[in-house]
């Protein structure tokens, strides 16, 4: 089982930001935890960080061509206006699950990408990632 | 560990509805699956169905008095205007996690209750329940 | 042929209200007239008054289980925000016809329940009830 | 008893339209059914088709001068912006009842002419005409 | 002189809420203070707590039948959409005065029930109750 | 000096309308008064009544071809949506002055045709016509 | 016959402004023309310039006490938000006629003061003043 | 205890207005009643009438410098847009209580000054003043 | 191949308008050019000018009955509110292509008739006609 | 004659998308057809695919520097918010023509880039490209 | 070089306000600093404090008559609705530069006066004044 | 002291644009002037031009890592929707000052990036750059 995780704009700065809305875990620490999770749940995980929406689109098309089974993304800075990435995720076959560290509904933010998502997980800090990955495994296991 | 699950307006008719947006599982079948999940994950689960918002409010206050650790709800018919239930969930201490069978963002619906939620799970059909319950266990295990 | 008529919030006070927008016929007088109509047109009519939206929902589900053929309602106080009742009426099989004493379009009011209605009759005072019941009989006679 | 029925823009094409929102009955077939109804209920019915709002206004003033007792109309293509016809119907004495084949509230359309209507009948297909005509007879019988 | 005070949704939890927008006085303590006030100002006071809008409507009709002279309410959770309760308060004769602990205009909240109120008192914490009761006595003393 | 006065939809019924917003002067009486005014102020006046926006447009083009010096109109029923007539009046050379019997700003109505007007006179009952005609004479006398 | 003309904010700079929307006539020249008009039409005219809305209100109350017969105003800079002056003009007895140099509907500006006006004259440059004064004379002559 | 009462735009005309929304009590009569109230409740009251928002601001700063304990205002004509006065009342220390003769919520008016108010009293006619003054005494007695 | 071209309100004045948004070609010159184009591309073209929306509707139904293959229209003055013509074009079978001389998107205008169009050509001056006719020929040639 | 065609976000996936709104022609097949068209109509065509708005901007500046005569673009995923690309197209000299496969007006989408376009072609599937290219040739031939 | 600085409503209370959004510098201290700046940069500075918009308008006209070279203003309490002052600043010749202590865009406030400003400086606390004055000197030095 | 200046989308074309809203200075000439300014005011300045928002984000993170003291940007084409760049500037420590050549408030444009700015300078043409740089030096000198 091969999964792609797209880390949207600014997530490279995780853990080093001013204020503490987003917690102290850095991007590097998160990656380590995600890799461990992939190991114990026995799946392939590619993590892709980018600050350019177009690069994310290119990556999605490449991964689909390479046979990825599911796509997850934390849109972060792309949340507000990544219409092109949204269209891209609607055009391709593998299911897409969206992740947010905070409960964006509570902060009165609307994700334009949600329109392409099978499901959404939001508000659990970095646990949102693990909950979303396990949800994706549930979804894919049903397809087999 | 004691959890309360509030099933909002119209969920009693699950599985018997016209159309197939909400799947074929009936409320009774869902309850059986939820009870099994509680057993294997070793927690107490009370499931409360109601079509009256005021009854849901009464139930939340009773459960909190009785020492409930976490509250989950699928607002269903309450999604659109349960402001009083929202206030109630904000006033009490235990964390609240919100569940939706469908991805309501995709259907352009906004839950007024989301403002009171720690986190939200939406779009995975009845799997939304199990994902939310496991997320609640993750949240509560950190508090201890 | 079995029909259910739901009388929404505040209709119990019919005929005793201040002002004269709604006429002088009381709820009791209306009930007598409706029962006579049912007798001469040879159908079963249950009239259900309630000020609680949830009770109306419960009643609808009960009646459907008991084999009701058609549902009529004067939403009255429910007109403005009975979203849950609307969903309920959309989920069940029997056709729903909506009744208003006054022409609510003229008074610039929009019924949120209209979305669930097969048809609407409005503006004829208490005659709206009889016109709606005869319309329901026309609709049901075609189904046989 | 003399009644005028105004058939608004595009109703001449009834039954020949693409799609099937409006049923298969043609304008000619409808006219025959309406004439039979007038015969058995013993009233005079003039049916007037037009695609020009101004012609409809002229016809209303002529009919009123000729002593018409009640006016019915299916605005059809005039639904969206016939403000002048609306004012005309408000200025004249005979009651006006509005007819729609479909439940326009459900299709999120608002008739600007409704402001001039005593009552409205919508959603019953061509039965909307017969229900409306019988409602008009009820209204006029009270006046005598 | 007989007065009814309706305590809307969630007021049962007063004094036990998280945060301190609403002060530390509990519902029980407030009731004792209100009873003392009734004693020293020499009037009858019934206090009615409910989380169900329909129960509030029923109570209002009962009290009016039993000859209540004035009605006060802190809508609390009913503030946002109790249209049916609003209509009920408009239909009955006794004057209605609305109470809010906080200045809701400042918090950008609009009470749908205000449309039925003779007057409003807001922003004085639990003193809002005593100011409102004394205002009601002023209003009623003029009627005699 | 040749002037055209367009009388918009429903003005033919002036003086015979229900209610008394528009006064008791009939269209015929108004015409007589206008003709006298033209005589004493020494100008040519053509008065054109129509319930069809398209006829008004045709008339404007004809009059312009025939050398009219100024155009006045009381849009009446055309006030709300005569966009095509507005465009026509913008395309032609002679100045256009708009007339309203009532102060439409006070009634919260906006004339879509005002965009084409040099000036507007509103709120003076039928005096609005005479004030407007004298204003037009002032305007034209400056051009010579 | 005594009339008051209020010249709103910035009208003192008339004729000296940048751009040429408002013409070359200065405030002094306008005053001379207005005085001549008063002489030949035989009425008393007080012209009051102010840049302070409150001063305009004070002046209106004084003039009313002194027996003024009619009030005219060019709101100019007060057009956008002189709600208090509007209320003042609604509270007093003498009729109020509003003047604008330009056609403000065409410039998509709405005068908040129009709600208090019997009638409005707009779009004729400084001729708007003379047309309005003659309209006021017509109005007052009818009252005698 | 020293209190300032600001009487906003047009309140000088109280009791002499057209229509009867605001009662027959004149400003002079109200002042006498207020002075008597101050005497029997043993506090100092300065009443300040003005039609200029800026004068009200100046007065507030002077009074604060002179040691005023509480500020009350009936914004009246200032209700709609006195943003500067609102800011002023937010910048100074003494509490501000807002007064309205009528229930402005019912008339669909929103006071921009409410954002600066500790509490509001509205709808009790001139009794609103006395209720507000007694409410202020309650508030100030707690501070000591 | 038979085509119908509907020329909407005001197009008869083409080339004689004030300003130069629409170019100097007159309606007559345009017709000659269109006829030449029909000749060289070998198709039948009927050009129909009208200022009445209802006449356009009548013409469309006639042409369809007579076997027209495609319909083109420059809505011009009908652009803003020809809802009835739009419905008519949706009801009939032949494809409809919409033409505009200017780029209406750039002028912030939305055509209500676009909803019925297979495709649109806008912004090329009178070349828009020839581009649209050639596009129609491409579309129809595929159907054969 | 040198032309640039910008293919916006996601157009690389043409023909491989889910659903069939966009037809079965792949990007490669389209390119071949376009090259043939360029050959037979005798012009130079550069086709540039990109998922990054900034790359499109860079390409436009380069082409302009290299002497391109006209620019065409199918914005696709850039349709919704490519404000910077829009500004760029407005700053440069060569005319810009916009292309859409579907009638976006019908799908209720507005292109932010249309503001920079001389003209638009939409709704003809891949024929939109050829119609647009021929329209560009017409436009450029006039300039010479 | 002569400059006028208008200090809008409530700026007299600078440094004595509750909270600390606006810093501790008082109006007097600010004036001293500004005078020193004028001395060292060799220009004439008049500082004018007012809480009345109309007084500000009067002052602007006087200063312009007296030959002022540039006008600066911190609108403060006038920010929200000083439309008349805005018009005044647009009518006069000298350039106007707007100053805000805080970044009002960040606080979601829009200055209605900005429409008249050559440029704006906001967000630098009292340094905003010095930056704005030096910017004004730059602007004026170019004109010479 | 090290400063970064980000030049947003399309600024590379400065001085070569059609129209003259933005002046005749080219990007190269501006760079020379900025370098001279840095020299005479003794600070380090890196100027970074890009048409890709993501590249700007990457550059900001790099510069912060390299110890930059302050960040300035002219968003230009990024003004309308660079939400991700805005978040980036909020996450990092060094102050951000925003620059616009024109007064964007006057052109009714709102910068989404302003939310992250300490202060803004707009409307002074290329002088906006020098005013902003000197403002930044003032800000940083206080921190030492």
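Which chain is which? They are A, B, C, D, E, F, G, H, I, J, K and L, in the order written, and residues in each are numbered from 1.
Going forward, a residue touches a chain if its C-beta (ideal position, glycine included) is under 8 Å from a C-beta of that chain, and two chains touch if they have at least 3 such contacts.
Remember, predicted model here, so these are calculated numbers, not experimental data.
Each step here moves to a touching chain, and the least such steps from chain A to chain L number 1. Matching residue numbers shows that G-K is the pair in G-K, A-B or K-L whose interface repeats A-L, with more than half of the contact pairs in common.
Work out the mean CA point of chain J and of chain K, and you get 49 Å between them. With centres taken as mean Cα positions, chain K sits 32 Å from chain H. Annotation: 65 Å between the Cα-based centres of chain H and chain I.
Among the residues of chain A, those in touch with two or more other chains are 52-55, 81. Interchain contacts (touch definition given at top) occur between A-B, A-J, A-L, B-C, B-E, C-D, C-E, D-F, D-I, E-H, F-G, F-I, G-H, G-K, H-K, I-J, J-L, K-L.
By the touch criterion stated above, chain H contacts chain E in their complex at residues 103, 105-106, 110-111, 114-115, 117-124, 127-128, 130-131, 134-135, 138-139.
If you check the complex, the residues on chain G that touch chain H are 52-55, 57-58, 61, 81, 83-85, 87-88, 90-93. For chain A in complex with chain L, the residues that touch the partner chain are 8-10, 12-13, 16-18, 50-55, 76-81.
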